[in-house]
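Each of the next two complexes has chain A plus one more chain, namely chain B in the first and chain C in the second.
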Partner chain A sequence: MIRSDHLLEIRNLEVVFPTRDGTVQAVRGVSLTVDAGDSLGIVGESGSGKSTLARAALGLIELPGRIAGGEILWKGRSLLDKRVARRIRGREISMVSQDPMASMSPILTIGTQMTEVMTRHLDIGSREAFTRAGDLLEKVGIPDPGRRLGQYPFEFSGGMQQRVVIATALSCDPMMLIADEPTTALDVTTQAQILELISSLQKDLGLALVLITHDLGVVAGACDLLKVLYAGEIVESGTADQLFHRPRHPYTAALLGSTPRLDVKADRLVAIEGHPPDLRQVSIGCSFTPRCPHATTRCASASPVLQPSEAGRAYACWNPLNGREGPGPSHGEGRA
Partner chain B sequence: MSEALLEVQGLTVKYDVGREGFWGQHQTRLTAVDDVSFSIARGETFGLVGESGSGKTTTGRAILGKVPIASGRVIFAGRDITEVEGRERRAIRRNMQLIPQNPYGSLNPRMKVREIISEPLVVHRRFKNAKGATERVVELLELTGMNPDDMHKYPHAFSGGQRQRIVIARALALNPDLIIADEPVSALDVSIQAQVVNLLQDLQQRLRLTYIFIAHDLAVVRHISHRIGIMYAGKLVEVAKGESVYRSPIHPYTEALLSSVPIPDPRIERGRAVQVIAGEPPDLIHPPMGCRFHTRCPLAEPRCREAAPPMEAKAPGHEAACWVR
Partner chain C sequence: MGRYLLKRLSQAVLVVISVMVVVFVVTRLIGDPVAVMLPLEATEENRALLEAQLGLDRPILTQLADYVADAVRFDLGDSLWQRRPAMDVVLERLPPTLLLVAAGFAFGVLLGVVIGVVSGMRPGGWVDRAAVTFVLLGVSLPQFWIGLVFIVFFSVGLGWFPTSGSGGIEYLVLPGVVLGLPVVGRIALVTRSSMIDELNTQHVKDATARGVSRARIVMVHAMKGAGIATITIAGWELIGVLAGGAVVVETVYAWPGIGFTAMQAIERHDIILVQAVVFVVAIMVVTINIIVDIAYTMLDPRVKFDRVS
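Now for the complex of A and B:
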């Protein structure tokens, strides 16, 4: 046991994937903590390492990928130990991923799949597990649970499948739920239903929620704390209000600027020129330098460290933005 | 923006999806698009929005002549093209191009960029071969913000955003009037998405293009469209100027759809009551009687179950199909 006062603590995590053309450094020195009842949003674009981070936290990094450094602690116990991870995964930490069909077996009924998790982790028989599965389906808003338990995943719509996955994730009373793009595959009206469900369950059950997404809109309502990931590193962290209204890292600001908003009519989106770096050749300096409008020579030669600043926020930047609240999140006027 | 470049009248598309009955004597048909009408002026961007299965993609494909039309008419530049086939169809296709969603699937991995972009030019006999079209390819690459040297590379050398630029360059090769962009940015990251959206807007200005922009993302559609049509379960339920749709939606479905879109601003999100609509879109093989939305509509009245509401003008330039509003 290593001393940790947090539910989940990740210290300097490094995850690498060796490929034919070089080693991809997917997660580079990420540290974070999650406490009971927290709602943490992890935001990043493709290749930022957000899903790899989630999988690492559950001990699910598969070969040839490996954890090259750092520590992941769950209540002080190392999740790098496969046996510990196996006992905790699905029981104390559970996960909801993007594609509900990928989380379920197509050839087993919902009831069989849900009870399997419970009989494995909890000390209950299959009959009791079945009753419990019915209650869970009801809790996540699936009508007629008795009949539904006997059905196969294909008989459910995408939104309903995701509800089943959430019910299964909650079946062992976990303390933490990791949701990796839980609504990306769904239509907006269904997304609204699922987000509302996740938020209300989080509050009712006092769950710690880690919500991983590329969509700033999704975390705005569901998360109090945010971390922004770019090229495998956390570039900024703080409360949702701080990051949305007073971003200090130019990437956070640029991401906000390039997100079209339904409530604002902007004449032109503020695109981030260029594209994310190749993680096989990691630069010496800040990875955002080639795309950053505020970059100086220093940015290219030395990597800024994630510096804690005022009121629990931190950012890794040599030339941070002033952090004063603008007229609107980088879009200027025109709010409808 | 006066003359209509494209007019769609009562467009209906049905798909055969199997057979019913003991001997399979009944053909089961799914009505993907049902009696949809709208018109688009030259130089305009018409946003077509809807969720999966709403018929937005099928509408685009029917206009391009890629799916058989069960009934209704498609009038392009004053000419009825509904039943045009063969050589004439090819001539029309020159003026209408598609930008598909997935820039990974729409580029042949074994062709170099020059061959990809010049292919429509060669097929339509503007040039003998890819080499002859080099000058035009360079022009198109520059137009879409790419480097002319890129023409010697294969698609795998490019990121998603760059591939989509190549797809756009190919679509522009024959100087089309109408571009049907089917979810052109939804496979891209936001930072790249903004680049492509800005490019499409610039190209429209320069080349006086007309766009049908098909998407599920209302925020992007609001940003790019002059007018917007909202589809639900194969029906067009509301058409209006972009601003009117967002400021004063008429159809209850439009309202619910707008309310479902999360706003990237925690202060707004916390104070906002999201109007979550329960349930799911109906089965299109056996659609409900009356208004297709009545099964989920908070305002539904008995007459909504009996007859489908017609599309009618509710305000100047603002049409909707609803009995209650």
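Now for the complex of A and C:
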């Protein structure tokens, strides 16, 4: 038992995946904390290590991947201990993943898949679990739950299926919900409904929420705190308000700049030039250097560390932006 | 479901009739039964007489039409060798074959599924590599050879089992195992690879994340998914055992079933008896196919759904 005052505390986490062409450093020294009732957004592009971070927090890094360093603590107990992780997974920490249609077995009924989690973790029989599953479906907005429990995932629409997955994730009254791109596979109107559902459940149940996404619009409405992940490192963190209006890291600013907006007339979509770095090669300097419009020689030779600045925010940059009004979407736009 | 079954049954009847026609034509092309049945010094008159008795002097199309018409009434004519209804001979020899096939198939499927699941849980591990090697031997070595080696080793050498014939359970062990060995191999390989696929699906990963136990994931989630592929192969294997393996193994072990009977009938140019064996095997084969299709709908709800819509 290591002392930790937080619900979830990740310290200097390093996750590596050895491949034939070298070792991929997917997560490089990430630290973060989540407390009860927090809503934390983790934002980054594909390959930034955000999903790996989420899976690591559930003790689900699969071979050949491994945790090369750092610590993950859940209420002071190490989730690197597989036995601890097994007990906590689904019981105290739940996860909702990207593609609801792929998230459940196509050949088992919804009822079977909802109740199997409950009968394992809660001290209840299968009949009681079915009743509870029906109540949960009702709670997430699925009509006629009795009939629905006997159906298979392919008999649901994407949005409905994601509601089922969310209901299942909440079935054992967890303290924390990790949602890894929960809306990416859904169409836009459904996205808004699902986000609304997650947000309201989070507030009603007092859940800690970790929302992982590449879409700043998604976290804008749902999260109070944000962390921006780039190449396996946190490059900036702060409140949603701070990051949206006054980004200090050029990458955060670039992400905001590439989010399409309805209220600004633009002829073409803005993209961030270049590609994310190859995580098999360790860079000496800041990993955003090749794509950064503000890069100097110092950026290429020395890696900036995450420095706390004003009220609760931090960034890792040698040449931070001066906190001018950011070009991003206004706070709250993510909600429809 | 009822309409589907009716459709499948009528298709099955067509398949059996087609098989009968093919066998009828082929058996009349490969040899002259009259020449085999008569002694060497028989005269032309003797030949003509016997041909007339057997109805072989009629036009071939007439023979075929009569033959099919009789066959649908399960009358396949008298065995030339045993001089009694061929169907009686086959039905008499059927139970030993069914017993042997059931034993060999059950052994093959059970051991195959166990090996496949265990191997598929940790592909590349030492258990997996040892199992795959063992299983490939069973698939690759010809059955008649394994059969003979087993007789030399277990019957002649160790004296554990009788060399051939039938009787108590001890007579069943060697032919059953030999019949089942290639089944073990193919079932294990298919089960193994579909277990590997199933265990790598997103829904299995997400089930782990939801907190479903490893045991339940393997035994329920993955095995039910892998079962679909296994059932398909098991159906084919049962057909292979019945229509192929049984002939070889029964012959090696002088097991008094329809396979051994078919071999004897072929040696004696008893085309009527050969046809009767083929007829019965064909009916069993199409029945197995229908059962496999019904098993799908029970394992995979999507199949049922597709059929309705």
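Quick note on the criterion: the second predicted complex is superposed on the first by the 320 of 336 C-alpha atoms of A that agree within 3 Å, B and C clash if a C-alpha of one lies under 4 Å from a C-alpha of the other, contacts with A are read in each partner's own complex, and residues count from 1 in each chain.
Here, a contact is a pair of C-beta atoms (placed from the backbone, for glycine too) under 8 Å apart; a residue touches a chain by one contact, two chains touch by 3 or more.
Not measured: the values here are computed from a predicted model.
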Looking at the superposed three-chain arrangement on chain A, would you call chain B and chain C a clash or a fit?
fit
Is A:L122 touching the first partner chain B, the second partner chain C, both, or neither of them?
neither
Of the partners chain B and chain C, which touch A:V282 in the superposed model: first, second, both, neither?
neither
Have a look at where A:A169 lands relative to chain B and chain C in the superposition and call it first, second, both or neither.
second
Counting residues of chain A touched by each partner, does chain B or chain C come out ahead?
B
Output check: A:L80 vs chain B and chain C. Expected answer is one of first, second, both, neither. What do you get?
neither
According to the stated criteria, A:L321 is in contact with first (chain B), second (chain C), both, or neither; which is it?
neither
Based on the superposed arrangement, let me know which partner A:G159 touches: chain B (first), chain C (second), both, or neither?
first
Between chain B and chain C, whom does A:L205 touch in the aligned arrangement: first, second, both, or neither?
neither
In Å, how small is the closest CA gap from chain B to chain C once the two complexes are overlaid?
8
List of chain A residues in touch with chain B within their complex
45-46, 157, 159-160, 187-193, 195-196, 214-218, 220-221, 240-241, 244-245, 254-263, 265-266, 268-273, 275-276, 329, 336
List the residues on chain A that touch chain C in their complex, please.
55, 58, 60, 86, 89-91, 94-95, 97, 99, 102-109, 113, 116-117, 120-121, 152, 154-155, 165, 168-169, 172
Residues on chain B engaged by chain A in the complex (per definition of touch)
51-52, 159, 161-162, 189-195, 197-198, 201, 216-220, 222-223, 243, 246-247, 256-270, 272, 274, 276-278, 280
So in the complex, which bits of chain C are touching chain A?
201-213, 216, 220-221, 224-225, 228, 299-302, 305
